[in-house]
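Labels run A, B, C and D following the written order; every chain starts at residue 1.
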Amino acid sequence: MDDVHIRWVEKVQLKDPVLVEGLPGVGNVGKLAADYLRDKLEAKPLATIYSKFFPPQVYVSEEGLTRLVSNELSYRRAVGPKERDLLILNGDYQGITPEGQYELTERILSVAHSLGSKEVYTLAGFAQGRVVDTPRVLGAATSPERVEAMKKFGVVFSRNDPGGGLIGASGLFLGLGRLYDMHGVCLMGETSGYFVDPRSAEAVLKVLARILEVTIDFSDLEAKAKEIDRIAQKIHEAEAHPPESPSPASRDDLGYIG
Amino acid sequence: MDDVHIRWVEKVQLKDPVLVEGLPGVGNVGKLAADYLRDKLEAKPLATIYSKFFPPQVYVSEEGLTRLVSNELSYRRAVGPKERDLLILNGDYQGITPEGQYELTERILSVAHSLGSKEVYTLAGFAQGRVVDTPRVLGAATSPERVEAMKKFGVVFSRNDPGGGLIGASGLFLGLGRLYDMHGVCLMGETSGYFVDPRSAEAVLKVLARILEVTIDFSDLEAKAKEIDRIAQKIHEAEAHPPESPSPASRDDLGYIG
Amino acid sequence: MDDVHIRWVEKVQLKDPVLVEGLPGVGNVGKLAADYLRDKLEAKPLATIYSKFFPPQVYVSEEGLTRLVSNELSYRRAVGPKERDLLILNGDYQGITPEGQYELTERILSVAHSLGSKEVYTLAGFAQGRVVDTPRVLGAATSPERVEAMKKFGVVFSRNDPGGGLIGASGLFLGLGRLYDMHGVCLMGETSGYFVDPRSAEAVLKVLARILEVTIDFSDLEAKAKEIDRIAQKIHEAEAHPPESPSPASRDDLGYIG
Amino acid sequence: MDDVHIRWVEKVQLKDPVLVEGLPGVGNVGKLAADYLRDKLEAKPLATIYSKFFPPQVYVSEEGLTRLVSNELSYRRAVGPKERDLLILNGDYQGITPEGQYELTERILSVAHSLGSKEVYTLAGFAQGRVVDTPRVLGAATSPERVEAMKKFGVVFSRNDPGGGLIGASGLFLGLGRLYDMHGVCLMGETSGYFVDPRSAEAVLKVLARILEVTIDFSDLEAKAKEIDRIAQKIHEAEAHPPESPSPASRDDLGYIG
């Protein structure tokens, strides 16, 4: 096995596809958004990516079936003249070492490049360390033109955020992408950073949908966001009126949703 | 030396051998079971596996002889028409890094595959975090057919266990095995997770013996289990009636058995 | 991508260039000095060095533009007969693992060697663990001749400092440089070790400017040093007359300067 | 540069040389013994071993000269018919990762093998966790014949020591040596494990000198041992009659000797 092993589901010809990346990270915002995008657009499996830079782990389904942890590339052909072909990257993990991050990102960019991709959108969460009621979508981009273009979609370019830069896949796909002559944008949904945040994912995805000119039904993501709100509310109440009765919900519940 | 170095003891032709893996892990259940299987079936040494992914360590025997830590493949030819040829993997360690886990598992699967193996059974412990009087054998498998087949042997497929999936060799042999068109099953003996557990190993091995249609004398494993019970009982008593007299046995004793 | 990827800006012929290294480290002395040298001599970009031994990170500018972390080689041709061609190494990070340190240093030395470089000056800070009012410049060198030559420039060779040797790029460029028949000197500015220290960088660079016989305007570096002094003074005062009013400056400010 | 880089000082033909390894470790016993052996036998430098598995570090001499950390092979031709040619391995560090340990040991064994070496003696300390007045020399070996042979030299083969086996170079040279058809013995001097222990090194070296039938003047090593005794005695006295006057020696002093 190579360090990164690509198992192709099918071979496709795509036309100038846009790569969309959304892997686990802060608030799982990027993963929630990219998974939702893939599901709602009914993107088709293109390739599975296994790697020794992921944990040595299989997931076990409720039916008892094992599945090696992986990343997955899906594709979706443009419908109508305004849309563009899409390549969507989803997955269980980012590379678990710095070197693994580089190797995986480089390999996936190489695949996307060979499929004709010249543009990448990376989706992520931006931890504010406080509850965020109405998450803004912060941006970073590889060119001034893209910064200006993004502002028209309401993306916020903040002087100080992200202060220390972007660490992990969402930054690396932009940074390494330049070595493949790819340009791109990172869309970061504000989030508390304390739990998975479908509301922030929705904010990010709404911006992306407008950019890509695709129509998505957000009702399922909104339902998930409301479920999180409901649990957070219960925790809040339980903490305000503490030890008389057992808390109807615990912080742990939040981790399971999403 | 390669990253993984295989030293062959002999070259053999096997017929569709079943690979059985049992390396150190939770409660040492997998290792206890696989070592016992190898010993009772008098499997013959086939290859020794050295690797820089193991610790830089030699064991020293009571006679003062050194032995480099390793994994070992043994084989046992089928006796009678119902049995199948077996390949058994035992060892001192799993790979000590995630990358090492992948490299070792991949290499050993490659060897098994070249010997004609299409099926793997991995043996492991499943930590329940509490004393388990009568350990059940939980399962995970690579195909729905195998899940159904295992249920007939009393293997339990629990909706929520193992929740986070399987980490380490027992999961990886199934997950990576699919890249070699191998199918497989993981058999997990319930155990407390606090000490080595021959009783759980016995439960696992009894299921495996029925699956493989081999006959094994379990008396030595039962004796070992009773010894653990005896020590655990003494500890229990000592803890119930504590500081008057020195404890006749300590928790440390449990680590030495097995 | 190779482990270390060099992206050339242009191809140049240089005449016996002196390599000057200054990467982040103690008090950021080496980086401050080398960055200032590059800027004031208006050295031209020669190559950008990307590597999986750096963190998987992009920086985001105030304008929202991303830039993958890297090291950079610049060059500056000699002006007049006394000067020599220069190769200057600046960067965001040193390699983040010991192996990465070796790989990066070796690769950059190889590039410098191929450009005809036979001599290297490494710039660093030396942590004294106490406030240093007038930083001395300590030295270490690859040959007795160089030790003697450096003494004439006021470089101090102390019997006990640095006691444990030099760890990181500044030492490695000298140590590995010998394998390329390169000789060199490490110039270490004394510093407290508690914050970035432009005054120590200035001391180092003044020695280097005399060695290289280049003229540099130090006013900007002095201004930066005074700014640090001013902040340190405020902190000192705030600590002397503590909790009445909020401190006008905090220790955190020191980290931002430089 | 390769992962392990060998720089030859000269090319020699040796006759069945015995490899002696002594690198830093418990009580620095192995290093003290091997360095003393090299010095007293006036072994000649054969090769310097650099590696990215060592720390990225140079040492700086009192004269200000840098030296990249390394291991070194020296050789000494037999004098008279009873002696044998020797290859001695000394060094600043063992490999700092498990993988590095394997790679370095394997490479050095490969070199020794190519020089005709079939036998290795590894020198180490064995930490007893208590003061050891008269250190015994414990042993481990690759063959029963060697165990018996060693007993005649007073080497102790203890049923339980070393319980967990040998970790690091001294064990690995024996374990990996078998892959090169080399046999060997580890000689372990008992030591407290709390400080460098020339007395334990002397015990080990006295046994080795008898085995190799070489004559060594131990007076310098004894002087060093007495110096340690003297300091330890002062610490002991200071701790017995504590806080009246400042301790004339501190535990720190012990670390500097050797």
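Throughout what follows, a contact is a pair of C-beta atoms (placed from the backbone, for glycine too) under 8 Å apart; a residue touches a chain by one contact, two chains touch by 3 or more.
The structure displayed is predicted, hence computed values, not measured ones.
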Using the average of all C-alpha atoms in each chain as its centre, how far is it in Å between chain A and chain B? 38
Interchain centroid distance [CA atoms averaged], chain A/chain D, Å: 54
Could you pull out the residues of chain A that touch at least 2 other chains? none
Make each chain a node and each touching pair an edge, then name the shape: line, ring, star, complete, other. ring
Which chain pairs here would you call touching? A-B, A-C, B-D, C-D
For the complex, which residues does chain C have touching chain D? 95, 98-99, 101-103, 105-106, 139-144, 147, 157, 159, 162, 165-169, 171-172, 174-176, 178-179, 186
In the complex formed with chain C, which residues of chain D make contact? 1, 5, 7, 50-60, 62-69, 96
